[in-house]
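First chain written, first letter: the chains are A, B, C and D, and each begins at residue 1.
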Amino acid sequence: MEESRTAYVAVVGAGADVTPAVLAAAQSVGALLARRGAVVVTGGLGGVMEAACRGAREAGGATLGILPGADRAAANRWVSVAVATGMGELRNGLVVRASDAVIAIAGEYGTLSEIALALKLGRRVVGLGTWEIHGVARATDPAAAVELALG
Amino acid sequence: MEESRTAYVAVVGAGADVTPAVLAAAQSVGALLARRGAVVVTGGLGGVMEAACRGAREAGGATLGILPGADRAAANRWVSVAVATGMGELRNGLVVRASDAVIAIAGEYGTLSEIALALKLGRRVVGLGTWEIHGVARATDPAAAVELALG
Amino acid sequence: MEESRTAYVAVVGAGADVTPAVLAAAQSVGALLARRGAVVVTGGLGGVMEAACRGAREAGGATLGILPGADRAAANRWVSVAVATGMGELRNGLVVRASDAVIAIAGEYGTLSEIALALKLGRRVVGLGTWEIHGVARATDPAAAVELALG
Amino acid sequence: MEESRTAYVAVVGAGADVTPAVLAAAQSVGALLARRGAVVVTGGLGGVMEAACRGAREAGGATLGILPGADRAAANRWVSVAVATGMGELRNGLVVRASDAVIAIAGEYGTLSEIALALKLGRRVVGLGTWEIHGVARATDPAAAVELALG
């Protein structure tokens, strides 16, 4: 498994009401990150989080799910290691802090909070069809997003 | 002092490099909130946070400062009650959660994280010369901001 | 109200199933702390927390309630300023960190966690009929407890 | 790797000034937990935490390190997946919450805080030469401790 020098990259985005195209992008991002040896960090739930985890696991990678609730059983089935925080949306800050870079895919307010906090903490933030915020490096496809995050 | 039914309104914005006009607006917002009986919640540090606290205290109100560091002495002198969290920027989430509404004044990424988290949590968010995010009610002056936050 | 140099003293103990003698002790501790100008910090709920807050408020003091839940309405009516953390029992750590000293009155496991964390953080810890842990200064009555906490 | 139904067991104890016998016990506990398929959760640092992680990893298991600081590089080399929380000692609560059971080995105040919080949260707590607290199941050797934790 991983050592502490392994890159940890958060993949953030909506947990529900996600289009097939967004899910496919998230799954590709997860797979590409895993092939580069990165640990994929997510909020551990559905939608973009689940797709990214699935991509990573199917590519042989490891995934860390940092859950809002206190019950680990809420983690999607592609989470390798789950942390049930019981901190609700405050766990968004933990997702960001635990990661070296953040790839945001589409997403709503929760995603925006993670983008903003990551920029505040000086993390590299890459956007794929997400909020347009100054400081976010925009990618047009999963490969470019992963390259920007790890490059 | 206050009862639990008192309104708690966060005033968020940059802690440094703030223009005199922004500081004046923050101070007015603090004063107007205090006159309406609201507790002013901030991150407890300088800039917009300090100006809002000053306005509130000079108007006879109470202010709650939720600090990122573990040392209460970092609170600005206009904080009535300080909470030293030692949680760093994760305390932004506590500022929002502790409040019924959020007034954002100018601000950078930290402010944006608070706006986003507040919208995610369903709080009323009012903006005064700040990030333009769908869901934020825009005000043109302190009186309008306070009216939107408490109305 | 208070400045940042004011002493903040946590009063910790059970939130339910508390004897009248323990409640009376907590109320006295709260009153004595308030007369000495200290802010009384509690977990904001019932039992020992409520009695300490009541004592402090009736003596003209201020009380800070750091709640486990996300709803400020859960605070007891003697809380001056409430912080709804939504962090569950992790808020015990915030109660301790926010305080300069801790007075533990009777109490169960939650109280023990606060005693231990306070000792870990180097806070002065005073016990009144509570867990006997090395490092806790034992007091025999409220006046002695407050003296030990503030002395 | 693991699914969400995998058992997560925290191994808690001092991070420094630990005797060789305690380190050996921690390493055995880690190894035995790994052989039973459990994820070993620790605070991610040295002493008992490191020994438990080493035992688990050498036995082919996975370890989750929940660090107090904001820098993942502080994790010991046997941590599989590290979470840098930046929450200081408040992370003790996360270690407990993330786990189904806790094995405490020797330890000081930090360990006591984890024991107390785990009992408060209703977790099974097993002690090996640690604080004697009502509710902790006492084991006399690593095999018994693991059996009590997972049994």
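Following the convention adopted for this analysis, a contact is a pair of C-beta atoms (placed from the backbone, for glycine too) under 8 Å apart; a residue touches a chain by one contact, two chains touch by 3 or more.
On a predicted model such as this, the values are computed, not experimentally measured, just so you know.
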item	value
Chains touching both subunit B and subunit C	A, D
Angle of the C-alpha superposing rotation, subunit A to subunit D, to the nearest 5 degrees	180
Distance between the centres, which are taken as Cα means, of subunit B and subunit A, whole angstrom	30
Gap in Å, rounded to a whole number, between the CA centres of subunit C and subunit A	40
Touching two or more other chains - residue numbers and ranges from subunit A	70, 86, 88, 90, 94, 97
Interfacial residue positions of subunit D with respect to subunit A in the complex	1-5, 8, 39, 57, 62, 64, 66, 70, 72-73, 75, 77, 79-86, 94, 97-98
Subunit C residues touching subunit D - in the complex, by the definition given at the top	88-90, 92-94, 97, 108-110, 112-113, 115-117, 119-121, 133, 135
Contacting residues of subunit D [partner subunit B, same complex]	70, 86-88, 90
